[in-house]
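Below, chain A partners chain B and then partners chain C, in two separate complexes.
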Partner chain A sequence: MLWMANPRLLAIPQLGFIGLFLYGFLAIAWSSFFPDGVFSLDIYASFISEKTYQDILLRTIQVSLWTSAFCVLLGYPLAYFLARARNTELMLLILISPWLVSIVVRTFGWMLILGNVGVINKSILALGIVELPVRMMFNTTGVIIGLVHVLLPLMVVCILSVLVKADRALEEAAGSLGATPLQTFVRVIWPISLPGVYNGVLLVFLVAMGAIVTPILLGGFRQTMVGSQVFQEVFMLFNFPRAAAYAVVLLIVSFVMVIPILLHDRHLRRKRSS
Partner chain B sequence: MKPILTADRVEKSFGNLRAVNNLSFDVADGEFLTFLGPSGCGKTTMLRMIAGFEDLTGGRLLLDGEDLSRISAFRRPVGMVFQNLALFPHMSVFENVAFGLAVKRQARDVISKRVGEMLGLVDLADYGARMVHQLSGGQRQRVALARSLVTEPRILLLDEPLGALDLKLRRQLQLELRALQKRTGTTFIFVTHDQEEAMCMSDRIAVFNAGQIEQIASPGDIYTRPATAFVADFVGESNLLPGRVRAGRIELDDIGTSVPDTEGRTEGDEVQVAIRSENVGLSPSDDASASGAARIEMLEYAGLHSKAHLTAARTGKRLTAIVSPAEAVGLRVGQGMRVEIKEFVVLDR
Partner chain C sequence: MAGTWGKMNSIDRSMATIAVIVLFLLPAPLFFVAWVSFSGEQFLRIPPRDYSMRWYIEFLSSPKWMYSLAVSTILGLVVAVVTTATALFAALAAERMRSGTRGMLEFFIMLPLLFPAAAMAIALRAVNDQLDINATFIGVMIAHVVICGPFAYRPISVNLQALDPSTREAAMSLGASPLYALWRVILPQMKPGLITSLWFSFIISFDEVNVTMFLVGINFTTLPVQTYAHLADSGDPIVAAISVFLIVITLLLVILLQRTVGLRMLVNSESRVSEIQQGK
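Moving on, here comes the complex of A and B:
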């Protein structure tokens, strides 16, 4: 078997996929530099000069950061308890089960809950907590809620994979040396689980940056993110070059934003294993 | 002198399983005490209860006279070295050893000085900057020790810490541990299933069996005066022969001889007699079928510890005798031998 002699050959199929993706992407990017067949940087220039486009990008980044933050805040305790649960596999199955349902269907479900006449608003109006319905849909709040719901299992799995490998005795060792439970968490558990958190943040952030369905259904087309904007450009405005330009900008910005995480993660890996 | 630790009728049950059954013992300040026993005998459970990682289901533990049940693990002045060491993988040697001081928010120069002293004590003076994964097994051991001792605990608990090391390294570290304990004067409680390890390091050994302590005494006493059949068999190699008291002597039917009864036991009593393999003397029998004879089934040549495995002619009971290399040369499988008992212990249990 050829790949037993040189395992690197197994990367060839993956390279094939990456190659296809690159080809497709470059083809699209090409059209953003050549709208109407002539080289022009007008589209990119308008991104810089017009505020609408900057708003869209900024909004996308904000939503993705908030989503990542909430996923860590909610996902870490979940992963921690799952790691110590007696039937971790069963718990994991339950956690993953929402993914068995189509993302579109789930997001519609959120519309029923978050809408002005949805479950939440009906309850709090009836209880007299508020006088007018709280706007939780067709704004960034709704999008964040929807994205967190979808991406939380991803974060939990990333953190869980590191926590289950961690030696249980480490916590006891810290305790035997006099560390309070809080100190044990801050000095031992958190630093050790950090690579898992980085992985989770990386994945959640990037998926959120490129999200389309949830921003459309829960965010509407008045305050768009890059994903919903591209959808609008392609299927409603038929402006392919501009859609392509958005895609290129998204790629570059996303990459730049995750560089700090990648660097620190590599630093940690170098430091902690030979 | 007041004991540093007292176990008072301590019990630990996991559901229906009695892991530790009504244990009471004292630990003297500054002694090296070993919990010795086979797997699953409760020694590690007892250790973990002292550390505070398991709750007692009965009885009390007193440290310097104070009941430990109200004190959680991280507040106890008790340190622990774990079986797999549990060194912090994301910290350097220095940071590992400094941990106990750092969590107490000691000043940086104090930490620096104490850690330096500790590393010097375990012969790792220049290793402060190394990461844990860069160390050998023996070096990691010493880091784990330094880490636990730097906080100057009243008692240091060690849970089979030498298990993962090769024989030569183990022997070396056993001696180093012993020396370290004497130098620091810290009370050590050591758990192991290796009786040679226990014998060479301890001031006293507590032999555990199924949640109970069969005997707690110095290594010498454990070896020459085992209290029960279990202790006699677990530590060193013993032959256990049933005997009956008759006319001031104890008759051993298997080999057809008798040994004196120095305790004046009741006539007709049945006892167990433990005879160490090195106390079984063999001499060639004039007549192979005569009583008092045993036949050699197998010979083991192992230098100083050469052994002859025999079966008693009368009852077929198996016996082991240690023979000197010189003797071993003259023995043959199938040969009939006379058995002479040099020293023995009578077990009433």
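Moving on, here comes the complex of A and C:
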């Protein structure tokens, strides 16, 4: 058999699947320049000139940034706590189980909580805090809440994977040299965990940028994000070239947004290894 | 940790406080889902006026829902086996490459992680249209293998690198063929990596909806996509009953993994985007 002579050929099946996918991406990128069979930059021009399209893109970036920020704020303490907890397996069970439940199910849970006749509104109406239901769904707030819940465990796992490997002796050394807990955290623990935070932010940001189901169910079709807009273009407006152009713009924008983090992460690694 | 509260410093305490609140909030939406799933009413209402098992019975006795449940289960199993096999082959190939070539290979393997779901969905839809396999089992399977690839490769590659190369060399120098050495010496030591990969791929495939919803049709759909579609255009509590069913399956799978290789494997093999760019 050929692969025994050259084991490197074993990479072919996996590369075949990826190649097929990349071919698909290049094909749609190409088709977005030929919306009616002839070359045209109209779709891309409308992204730049028309406010509706600008808003969709800006809203997507804004929601993804907020989602990443909240995931760090809530996820870091959880990872920190889990890294020190004695019964890590049990805690991981509580963390990981909701993470792996389908996003449709989890988003549905938030619809029950945030809706106009949902748990929160029913409670505050009954308590007389408000007189009319507060709108928590079908706006960006609802989408951010849903996405944070969906992506938080991913962030925690990323930070945790760095924190569990960190050497506790460093902290103890800092403490015995007279550093306050805050100083130890800011100057020892946080820098060690930064690569994990970066990795988490990258993954969470990228997933949030491309999310479809959560923005549709919690955000609706009026104030769309790129994901829900792409869905609308394909299934309601039947405008495949525009959906393709969205996919291209989404990939480029996401990548440009994560470059600073990638560069700083690389800088940190260089510094550490030298 | 609970008993050591007095010995904790201020940072530890504030972190622990937030952590405990978050740990309680994470499963909260699922409890509300479970609550309404026992509704006896025609429409979703929280809290329900009366309770029954009717929506569970409706789900379990509906050929439409059972069909998509079967599709998702078989799809998950096939995707898990195919992805794990291709990832194992790729990891074995990577092992024999010079570091530059290896970096390139791993860059391509991890590449799907960089694509936001919406971009991926459109690209894979184009592939399926082109090959005329839209709304078919094979079309969705190809998409899922691409999506699961990075998650399957990481645990396998980590596991493979941790092996002692001398055991295989010993086997080969005693006259074992490369295939025999792979089967009897390497694979038995790869159990944690392979189980994590199989398990991760099954769960991702079984739950995937963002990309899959672009690849299904009237006659072929998966359980999560059908659940989404039902949720988007009707208001009956059957989605809650199905959700509880999905939650229970996921819980059982998580406990299964915990019992076989432990959950730490998930933390240790988390895919790193930065490594794509590092090329290592």
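Throughout what follows, the second predicted complex is superposed on the first by the 253 of 274 C-alpha atoms of A that agree within 3 Å, B and C clash if a C-alpha of one lies under 4 Å from a C-alpha of the other, contacts with A are read in each partner's own complex, and residues count from 1 in each chain.
Keep this in mind: a residue touches a chain if its C-beta (ideal position, glycine included) is under 8 Å from a C-beta of that chain, and two chains touch if they have at least 3 such contacts.
None of these values were measured; they are calculated from a predicted model.
When both complexes are superposed on chain A, chain B and chain C end up sitting side by side without clashing. In the superposition on chain A, A:S273 contacts chain B only, with no contact to chain C.
Of the two partner chains placed around the shared chain by superposition, chain C is the only one that A:F21 touches, whereas chain B remains out of contact.
By the document's definition of touching, of the two partners only chain B reaches A:A179; chain C does not.
Contacts of A:H264 after superposition on the shared chain: neither chain B nor chain C is touched. The vertex angle at chain A, taken between the C-alpha centres of chain B and chain C once both structures are aligned on chain A, is 80 degrees to the nearest 10. A count of residues in chain A touched by chain B and by chain C gives the higher number to C. In the overlay built on the shared chain, the residue A:D167 is in contact with chain B alone; chain C does not reach it.
By the document's definition of touching, of the two partners only chain B reaches A:R187; chain C does not.
Following the chain A superposition, chain B and chain C show a smallest Cα-Cα distance of 8 angstrom.
Shared contact residues of chain A, touching chain B in one structure and chain C in the other: 181, 184.
The touching residues of chain C, counted against chain A in their complex, run 1, 9-12, 14-20, 22-23, 26-30, 32-33, 36, 44-46, 85-87, 89-90, 92-97, 101, 105, 108-109, 111-127, 130, 142, 145-146, 149, 153, 178-179, 203, 206-207, 209-210, 213-214, 224, 227-228, 231-232, 239-240, 243, 246-247, 250-251, 253-255, 258, 262-264, 266-268, 270-274, 277-278. Interface of chain A with chain C (complex): residues 4, 7-15, 17-18, 20-25, 27-28, 31, 74-78, 80-82, 84-86, 88-89, 91-98, 100-106, 108-113, 117-119, 122, 149, 152-153, 157-158, 160-161, 164, 181-182, 184-185, 195, 198-199, 202-203, 206-207, 209-213, 216-217, 226-227, 230-231, 234, 243-244, 246-248, 250-251, 254-255, 258, 262, 265-266, 269.
Of all residues in chain A, those touching chain B in their complex are 167, 169-170, 172-181, 183-184, 187-188, 191-192, 268, 271-274. Chain B contributes residues 51-53, 73-75, 78-80, 82-84, 86-90, 99-100, 102-104, 131, 133-134, 147-148, 151 to its touches with chain A in the complex.
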